[in-house]
């Protein structure tokens, strides 16, 4: 038997993987794309409507509002999550007692189901916080409801982001710190000059993953506000799912999903390129 | 270590292989020569009643095997089964916009030759008929049970304070003032859950707007701003008697508050009674029809079909499906359902109803009722959220103008169909 | 193997205390969840005491009832099976793909494209894939738990491939070269050298993939509809009906479902930490 070259091996691995991916991701996406040119309800008979759905999309105030809300939300939540998670990961990776227990506790939010999170935080925002601060519920005010969702979404996703940072920190060899300590690099300087450059791949992964998760926010909205108050927290995914699957707008929301997909891909390619350049510089 | 991992993977792959090949041939199992009928119904809370019905049916029928499925999130399951072309023979769904959509998508069978239809109250058959976007020939559903909505009240509290059940809008508002003056809370709302905004809205619209307002608008005969103005005004009046910041509380909060005697009345349907009684099992709840009009004689009960059975086009054996439907309409079967669920049967006959419906019984028996208006609203238009927005903002005109423009946008295809139908002469 | 650093013995107490204090953000909601899981619906009130006071009795009745209603052991079996098979296959397949792509994407356009292609697949909203996937899996005869696993393998591929390629950036090719010199093929080198060294990343991938599949409702709901089989999250839908939710039973059930995955996380967490010693690049 002839030995396979390195490139042949790689090709033999990559091609079947790509085929599987095409079959369960791209193929259904193409079918969805086709539906976006119809008035399909999700079942039964339908008519072709040409580019009507796309034309509507750009004149629909509700869709426009959902884009604004989603991007504002995702930006704030991504920054908040990554800052807190990075600090938490550094802390949990430090020389502390009860490391396992602490890591376990900080991971719990990610496991709790949407129903539990929705109820508990609904309770906190409706009854406990107003009692403590004397104000009214954050969830019933159009100016603060989105912040409440940011808090809950970040609370849940910090667990996963921290985990990825922690495993990134494992690739930083101890001797880097030792060498750094000899040069007098400690604290912030040691982090900025030694640790951070080494975990940049994980930083960019986390940025992309959390940006994607937050742009697609759905569960926390269903659990906390169902798009309210006054339709101020309707995210793009909320519209796509509720009106496409739950309602009769499958075709229209497929068009929405296609545009949304293109927008996020553009953002992420930009993000990856940006952090990729950073990696090369360092 | 690695070898063990690879070995595990191989074993797993083999296991999967065998299971797929095994499961591949297990589905089509009508080798027993009997007719199989599957019924998928959308009320998982009624699963016990349906299990009992299934058992009774199968015990008394040798040639037909009935299988009843009560999955969670049944509407999604049903839609996926339609996509898979694996539709059940009979579906048990609500008489709402989903039914209209199913009709429009041509997946239901005309069952006008089913004899059991003559046993059903005409009012409910009419309600179902009105759900057709464009009047169609034939009948497509057997209404089974209905629910009704208006105002629930705490009977004990009313008795203790000598409050009278109001029959006109003025009496209702005066009562609210009296209750407030006594230091108690008249109404409690759970408007954080937007759908609860529809409960008082529907009940008021039954009293104050034409029952077929949506169809009239589709025909271009009127506008919502002309028909819904009073409904919207009275919604704002109701809000004056609500607890502080009703938009902070959910449906569940409102049920709990009402159950614990924190409010005397709650504008919601009879369907909320089980949730309320889960918190306070001994509570004495009664209800009255929303008194939206100035004279009792003009009030109309808000009632719609909560569960109805439709035969799908996929059904291969119509006779067997009719046999199942006839069985479901037998008095004893209906009683099985009523024993388990709080409901109003659509069969034209006297059944014992829950005491929480005492104040509505006369309306039900007279057939003095019309359907929930939101059964005609496309769900993607999110009228519930629009009502919440309006209640927060307070501008009737802004709300109803948007209602009119949005309506045209979301119902474009239906309006076109309706107007084509009218051009061809219609039948009205 | 390196000896543990002497500095590691000294505990950073301020940090430990800070992290323990931070745990309150998790412990407080968790406490509410536990208290509610033990209460009866009749003990629920609309004030702070309703959620914070201790239950009248610590009876396990809610848990027993929740287990009965969800057909616990049966549903748990399905959930465990789907999760375990998905995780094992994901580790094998995605690490291979990450290796082939990660090692070649810098020089070869095809792999760079494959990487971007797979990663961008992450941004396709599930709602648009759902209906076409339902139809496709039904046509392929995999509208059962196996189809669900196939979908998961594709859904989590972008994130996992990103994680593996990110991790590989910090593993020098020099490590592989030693094996090549001994005449090993790329395939053998992978399993002998690279696969074991990625231990911490396997653990991370296992945790993230397991979490996603464990809590997921939508995929099994639409793909397995009509098979009569339930995963745990599917069975838990039974607590929420159109007009009522039994929060007490639901909370008991969610707490039960949380335990297996928490234990799994803690086990994997050990693996991530152990990886520091093993994986430290010489």
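In this document, chain identifiers A, B and C correspond to the written order of the chains, with residue numbering beginning at 1 in each.
Operating definition for what follows: a contact is a pair of C-beta atoms (placed from the backbone, for glycine too) under 8 Å apart; a residue touches a chain by one contact, two chains touch by 3 or more.
Note that this is a predicted model, so its numbers are computed, not measured.
A.B. asks: Going only between touching chains, how few steps reach chain C from chain B?
C.D. replies: The fewest steps needed to get from chain B to chain C is 1.
A.B. asks: Of all the other chains, whose mean CA position lies farthest from chain C?
C.D. replies: B
A.B. asks: Which chains touch each other through the most C-beta pairs?
C.D. replies: A-C
A.B. asks: Report the inter-centroid distance (CA atoms only) between chain A and chain B in whole Å.
C.D. replies: Centre-to-centre distance between chain A and chain B: 36 Å.
A.B. asks: What is the distance, in whole Å, between the centres of chain A and chain C, each centre taken as the mean of its C-alpha atoms?
C.D. replies: Here the centre of chain C sits 15 Å away from the centre of chain A.
A.B. asks: Counting only residues that touch at least 2 other chains, which ones in chain B make the list?
C.D. replies: Where chain B meets two or more other chains at a single residue, that happens at 76, 83, 249, 253.
A.B. asks: Residues of chain A that touch two or more other chains: which are they?
C.D. replies: 42, 245
A.B. asks: Quick check on chain C: which residues sit in contact with 2+ other chains?
C.D. replies: Each of 46, 50, 131, 135, 245, 247 in chain C touches at least two other chains.
A.B. asks: Enumerate the contact residues on chain B facing chain C in the complex.
C.D. replies: 1-2, 5-6, 8-9, 12, 16, 19-20, 23-24, 43-45, 69, 71-73, 76-77, 80-81, 83-86, 249, 252-253, 255-257, 260, 262, 269, 271-272, 274-275, 278-281
A.B. asks: Using the touch rule from the top, collect the residues of chain C that touch chain B in their complex.
C.D. replies: 41-42, 44-46, 50, 85, 88-89, 92, 131, 134-135, 138, 141-144, 146, 149, 191-192, 195-196, 221-222, 225-226, 228, 234-235, 237-238, 241-247
A.B. asks: Quick check: in the complex, which residue numbers of chain A touch chain C?
C.D. replies: 3-7, 9-11, 13-14, 17-18, 20-21, 23-29, 31-32, 35, 42, 88, 91-92, 94-100, 102-113, 115-117, 119-121, 123-124, 127-128, 131, 155, 160, 163-164, 166-168, 170-171, 173-174, 178, 198, 201-202, 204-205, 208-209, 212, 215-216, 236-237, 240-241, 244-245, 250, 253-254, 257-258, 260-261, 264-265, 268-269, 272, 279
A.B. asks: Where on chain B is chain A touching in the complex?
C.D. replies: Going by the criterion above, the answer is residues 75-76, 79, 82-83, 97, 101-102, 104-107, 192-194, 244-245, 247-250, 253, 378-380, 382, 385-386, 388-389, 392-393, 409, 413.
A.B. asks: Note which residues of chain A are touching chain B in the complex, please.
C.D. replies: 39, 41-47, 56, 122, 125-126, 130, 136-137, 139-140, 142, 225-231, 234, 242-243, 245-249
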